[in-house]
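Okay, so subunit A shows up in both of these, paired with subunit B first and subunit C after.
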Partner chain A sequence: MSVAETRATAPKQRWWMDSDKLLAAACILIPLIGLTLFFLYPMVIVFLRSLTTPDGTYGLGNYAEVLSSKGFWRATQHSMTMGVATTVVSVFLGFIIAHGLHRCAFRGKWLIRGVIVLPLLAPSLVQALGLIFLLGRNGLISRAIGIELDIYGFWGLLIANTLYALPQAVMIIGASLVLLDARTYEAAEVMGAKPMRQFRDLTLPAIFFALLNSAFVVFIITITDFGNAAVIGGDYSVLATEIYTQVIGLRNFNMGAVVGIMLLLPTVVSYYIERQSMKRQQGRHATNVQKFIPSFYLNRDIPMAAACFVVVAMILSVIGVVIYASFVKLWPYNHDLTFKHFNITLAGGYASLWITIAISLGAAAGGTVLIFIMALGLRKLSGGIAQAVQVLAAMPAAVPGIVLGLAYILTFNSTATPLYLLYGTATLIAVINFYHYHTQAFLTVMTGFRQFPSALEEAAGTLGAGYGRTAVTVVAPFVAPMLIAVFFFLFMRSMVTLSAVVFLTTAKLDVAAVTIMRLDDAGLTSQAAAFSTCVMAVVCVALGVMKLGLKLLSRSPKLNKAG
Partner chain B sequence: MYLTVSNVTKRFGTFTALDDVSISIEQGEFVCLLGPSGCGKTTLLRLIAGLTDIDSGTVSLENGVLSDLPARKRGFGIVFQSYSLFPSMTVAENIGYGLKIRNAPQEQITARVAELLEIVKLPHLADKFPGQLSGGQQQRIALARAIAVDPRVLLLDEPLSALDAKVRGSLRDEIKQLQRSLEIPTLMVTHDQEEALALADKIICMNHGVVVQAGTPEDLYHRPATRFVADFMGVSNLVPTAVIRQEMPALLAERPDGPDEQFDACIRPEKIQLAADPSGMATVRSVGFLGNLTRYNLDSALGDLVVETHGSLGITEGQKVALQIAPTDCTWVVNDGTEVSE
Partner chain C sequence: MYKNTIKLTASAVALCAASSAFADSLTVYTALEEEEVAIYLDAAKAAMPDLEIDVLRLSTGKLGARLLAEAGNPQADVIWGWAVTAMMDPQVLELMAPVKIAGTEALAPQFRDTEDRWFAQIGYMGAFCVNTARLEDKGLTMPTSWADLEAPEFKGEVLMPDPNESGTGYLHVNAVLQGMGVEKGWAQLEAVDPNMAQYTSSGSKPCKSARTGEYTVGISLAFTAMQSIEEGYPLAMVFPSEGVGYELEASGILSSSDQQEEAKKFLDWTMSPDAIELFSQYKALVTVAGAKPSETAVKAGLPSDISTVLAPVDFVESAGRQNEIKAEWREKFGR
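On to the complex of A and B.
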């Protein structure tokens, strides 16, 4: 056979013959259609609606109107002020707690670790509710000191937002502190550097990007949060509540869309910067880190411990008082305990709790499967399409829940497309919850996939396993911990989220967080507290099941990775 | 020819990993792909396995062209450097995985797994998980898993590199024994020339994406074709033609015709005889004790030389020595510009 003949038979273009590649293509295609239909398309619609003037033509009229309104500028100014203030306080406190946990020696860290995540387990408006029970007109503290505090407004919202954002700050900063290698500190110690000097020369530069990162994350959380602002903001209007007012109060969807786009701008910019700084931080990841075990320094550890426990006490009291209030007969006058507030008849009673659990299970199960097959597809595909999918998958995190919710109502409440059939269904709420938290879920699973050695896949392939079989028998068990984490993440978020779903609930279909808001609006604060307690109980059970599942997995010898 | 790779080229972007490479493996043969990292040997193995697509050229097995088949349909066995046992399956499940995919009945799988565990001498580990095994045990199981399906070709991708020296030695011997008794055509990638010398029937030495020389271990050691092979296959003294003509013209006897720059003399360190001689042409710069061997570094008219002898000659640093080299012990290699390592 001549060289020319041999070359002519070189195979290349027959990829469509290969069932593996077909499967990989399907794995990409299905989630891609989902992202396009349930994320990209609604976002385009909200953008178009913001440009649709009352006479039905496209133009910048709405923007001109919004930009010339005093209310919008006041809300923008409030949002920015609140965002910056919350960021400063949260990053500062987050750093203290993370540093206390990882670089200081004192007892009771388990308590800090446990309490710090509590705000994530409750609907965001629980912080606000708790603050009202403590510092409101009938609050425990207000009554105890006999001064009537005005908690509604800037200060109340600042505290509520800080408590809500703090866990994220602690986690991000903590993750970078864990990566610091003890050996570099030992080297510095041997070279004669004092602790303060080590902190300045080694710790600070190493966690710089984590601090930056956490600042942007907190900023985004704060300016996009709706629950706290709705409950404790009072007259302190922010962009998120402004959208709500435009849409629900004034039925002015197009103006709501304009404000939504305006809220999107700072969020997208912050998100972009955060992703960039995250990449810089990841570049520093070292393998084989020697864990730092702090020893006790009186002057450092006593004040640090005190600061940490003060913050912990604040979180505990804010959330604890909600639970307490739900059992109190007549707040604040009669502190006898009772179950009567749990007998909720208004706003559909507990129906919304059960439906929320069902929605959350659906979002979690469907979402985990979709993300898993998407990651599978991305593993096989490279090049332009794969990159586009990755970018698209990472985008939902930049969209505030309230904007996504608005986009959904504009898209699905329109009879122009068959998508209208979804409007008012629990399915649509499950869908929005999944796409709202798509990015975090996606990134978690991708982290798991990145640790998956390609040799395993290749060994299975060489032994004769097709990609589908490899995915089920080899890949899925390997990334099982990530899948479990994602499942429960989606479940817990769906249980407590308010901003994305607030527009999608109807008279017949309510979800838990909205019910709490309605009860609170109706002045039934004790029942709102009782309902919050139920939601928190469900989420805590879910968290417990997840921890148990992960523990069982990690105990089984299956997960002691080969090596 | 059993397995044939013809005129294969593979590019990654602008980098040419394999440039028109052709190799072949006979039935039952143990072939080593040897070369420094980045020479394309692993890429070649992955092309043969079907794990990487070919740009041009063919891979065929007994005249049937394989290039179109995905890896799972080729019926090969593969062992990687490490991390390739499925962590969520027991040792027995790992070994039986290929048979299970082929829908073999459970009794047959059980019997085959037991047999293979005997062969790799780890029958007591059947129910353990990979995470509970040492590195050497894991590689034995990986080997058992690869041969469980009676592969048409066994591919080994640096299977010993991640192991420590002692385990490496014993597993090396076992791989050799196993391959000899099962007579599976085997292709092993390695960068360790000692490993290749000890295991291979044929060594294919690669550099910069091309095959530099293929032959028996003896061929490659005693009759390297180029400066690169001479240097890669162990310590060698490489001396330019002009220097030999001036200092030891007798060695030119076997030299092929060609300009001076085309060929250099290659003399293995154990082929040089030393004798203490105050009027000798070389001076001992240093003496190294290597146990059974003694290594002398010399300054000589031929340049820097390395000489190894069994036992000690009682020669010390700074002494003058005379050199004796038989013309048959001097091979001539193509000067490809390779700088001598060390």
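On to the complex of A and C.
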């Protein structure tokens, strides 16, 4: 923002062109430097470790060993099957929910909006416990129907992965639906097109990009996830489990690094496929978007509402049962209510909660700004460089948290560079949280940007608005819904994410997710559930306050004028 | 946005400055149980008020990964109470300094390193966690040995940690192999394998799954069993009659530490009679001669002379052969 102000007061015509270019370059360069330092550089170090053979020389020995192991191929097959299954289910359900929210008319959308993000702000332990408490062999449902369900394995893992992936799919698909122009639909209406026809010829082509992006994200986060696999996957071994075995079980980093690097391959391939299919798909842009206000169609809206509320009920019950259990004396044997689990003194107690909020706000604010200016810069850039930057920006999700966390230790715990100053600080935790979720944030904003009418930008340019000014007064308000979604996404994930952060906390600096893990490690599952409940409550309050603030802000005249 | 960068840099510098200002404090990495750490640390601080101690608590596996990832520039001064089979990994031993800690000379030779890089005055044991409510529901008889778990009625009712992912898993496999002999041991594990519902990645998970009635038997840790019984779960702690696995918790000082003196002072305290007295209240296993087991342990079913339930384990062999055994296990039972 300060850049824009400087720009607006900059003297005289001659500089206009140059400073615009300069600004565009800065928009691309600054996020790129960040990506290079905090993603590419650590990954290069991981790559070198993957090439380091036991005798200390470089070679492909580790790769040969991994490729020749039976377990690796079994895990690869499992990971791919699971990735595809989760993608199909999550994108389908994600589309239904996003479409229900933005293109259908029924009551209670606030509930859907609120509940759908719960899996993002719930610590991973909550989801795992919730599924076991409900669907486990001694779970509520098993006992109610008198048959022992066996969820440990493929089905349990599919449900757990879908719960986690769904909000991210909704976020990305929603980013494309929210910006569809109402007048196109009015025109179609006038011409007599039925809702089904409108959907097929107008909506589907417009959200094709978003569907592909969300499929890509869901696939990648599924094949890199370890937490769900460990808790509910039973013996269904996946690639992320292989990494855990090598690094944590066998203390063999280099082999873990090999599997980590191999996980990048399907990511690059699927991203390439996605890009290729995008080439055939031209974006369509109106110059001025009018908000679509859906009218009620019985045949469409009743089934859509029903589907949405079924999913909402499932999510609510999974998380609700854990919240309930945190007030129960001894799950599942003694259901007397008590507050005793909230009296947490071990594992650092509640102290970590506050620093985690600060870290998460930092990651969300810094991250949103960086993603925004990067997307802005990418509009001015084309060709090979733009391609390379996009692939790089979409890649971090392909790195399992454990690999990223260890890569950060190897990179930043070295006095060779001044970056060492960051090691052991809260700042580095904020940084790793942002880069860990870079892909989702980047693709959401890019999806929004695709709907942005370039004619608007050109008009602003013709009217004499410089690049910076256009960005702030024309582009930012347009993509504001995505920026806000990304901010909240980064905030929620930073509050609860564990896998990467667990390697960066120190004796003096603990975060909430690590406290939950420590309580659970100590066998105090109920206390871990109680702490998780507190984290979720705090995040909800924080989100509420921020939403309220946004509402007040959008009422203030200054921003209204900008919008 | 520039402002933002500047702010980030400024806060980074401020935080760094803050952490270096505390450089005098001793950084201790431990895998001891959370409750123990809190109790022992209070006592240590009371005994040595001028010593500032910061503790990072991680599970055995994660602590190992952390330690090795930091090996280029170690951040810890002391390792306190960490599985000895992990400590004896050559990659780790390389980082440790040979330091004579007062009192360790009285420990039996199998409880200390020949080069004084580690010693272990305490340890923990494995155990079967048996859910008595589920046992009754299913009409099963209380298992008292590994052989009992072979019975077809236990199909899908037993959990154990994967030795490739969990130290506790290795503890059990190793005890069976060393206690029964390699050949008989593998045969025993093969006989139980069809009944195993899952091989888990966490060592305490089998016990936690058993206590909530998801499965009947969790092959796990005595600590988790005792704690679950105290919390009121319908659980019995069983030591298999073939002998149960155990693990020593080793401590040592990193050679990179610039606080050798303070580190030694802290570890000296852990060998002091006061500390040993405290340990024996909470630990299943204290290797110092004459230490008595705790009341909780006795109540939960720990015999007063635990040597009667322990498998004969040679830790040098356990550590030395672990890669080989883990690989063979994977070949045989990997799922």
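Operating definition for what follows: the second predicted complex is superposed on the first by the 336 of 563 C-alpha atoms of A that agree within 3 Å, B and C clash if a C-alpha of one lies under 4 Å from a C-alpha of the other, contacts with A are read in each partner's own complex, and residues count from 1 in each chain.
What we mean here is this: contacts are C-beta pairs under 8 Å (C-beta built on N, C-alpha and C of every residue); 3 or more make two chains touch, one makes a residue touch a chain.
Because the structure is predicted, anything quoted here is derived from the model rather than measured.
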First (subunit B), second (subunit C), both or neither touched by A:P477: first
Touched partner set for A:R469, first subunit B, second subunit C, both or neither: first
Which of subunit B and subunit C A:N413 touches, first, second, both or neither: second
Contacts of A:A460 with subunit B and subunit C, given as first, second, both or neither: first
Residue contacts with subunit A in the superposition, subunit B compared against subunit C: C
Partner chain(s) touched by A:F253 [first = subunit B, second = subunit C, both, neither]: second
Subunit B versus subunit C as contact partner of A:T245, first or second or both or neither: second
Touched partner set for A:D20, first subunit B, second subunit C, both or neither: first
Doubly contacted subunit A residues - partners subunit C and subunit B: 1, 3
Contact footprint of subunit C on subunit A as seen in their complex: 1-3, 30, 70-71, 132, 136-138, 152, 230, 234-235, 237, 241, 244-245, 247-251, 253, 329-334, 345-347, 362, 365-366, 369-370, 373, 406, 409-410, 413-415, 420-422, 424-428, 502-503, 505-508, 518-519, 521-525
Touch list for subunit B against partner subunit A, complex: 6-7, 49-51, 53-58, 65, 67-68, 70-78, 80-89, 97-98, 101-102, 128-133, 135, 138, 142, 145-146, 149, 155
Interface residues, subunit A side, partner subunit B - complex: 1, 3, 6-7, 9-12, 14, 17-18, 20, 453, 455-456, 458-466, 469, 473-474, 477-478, 480, 557-563
Partner subunit A, residues of subunit C touching it in the complex: 1-5, 8, 11-13, 15-16, 19, 22, 27-29, 33-35, 38, 54-59, 61-62, 64-66, 68-70, 72-73, 75, 86, 89, 91-92, 133-134, 162-166, 197-202, 204, 207-208, 212-215, 223-224, 227-228, 231-234, 323, 326, 330, 334-335
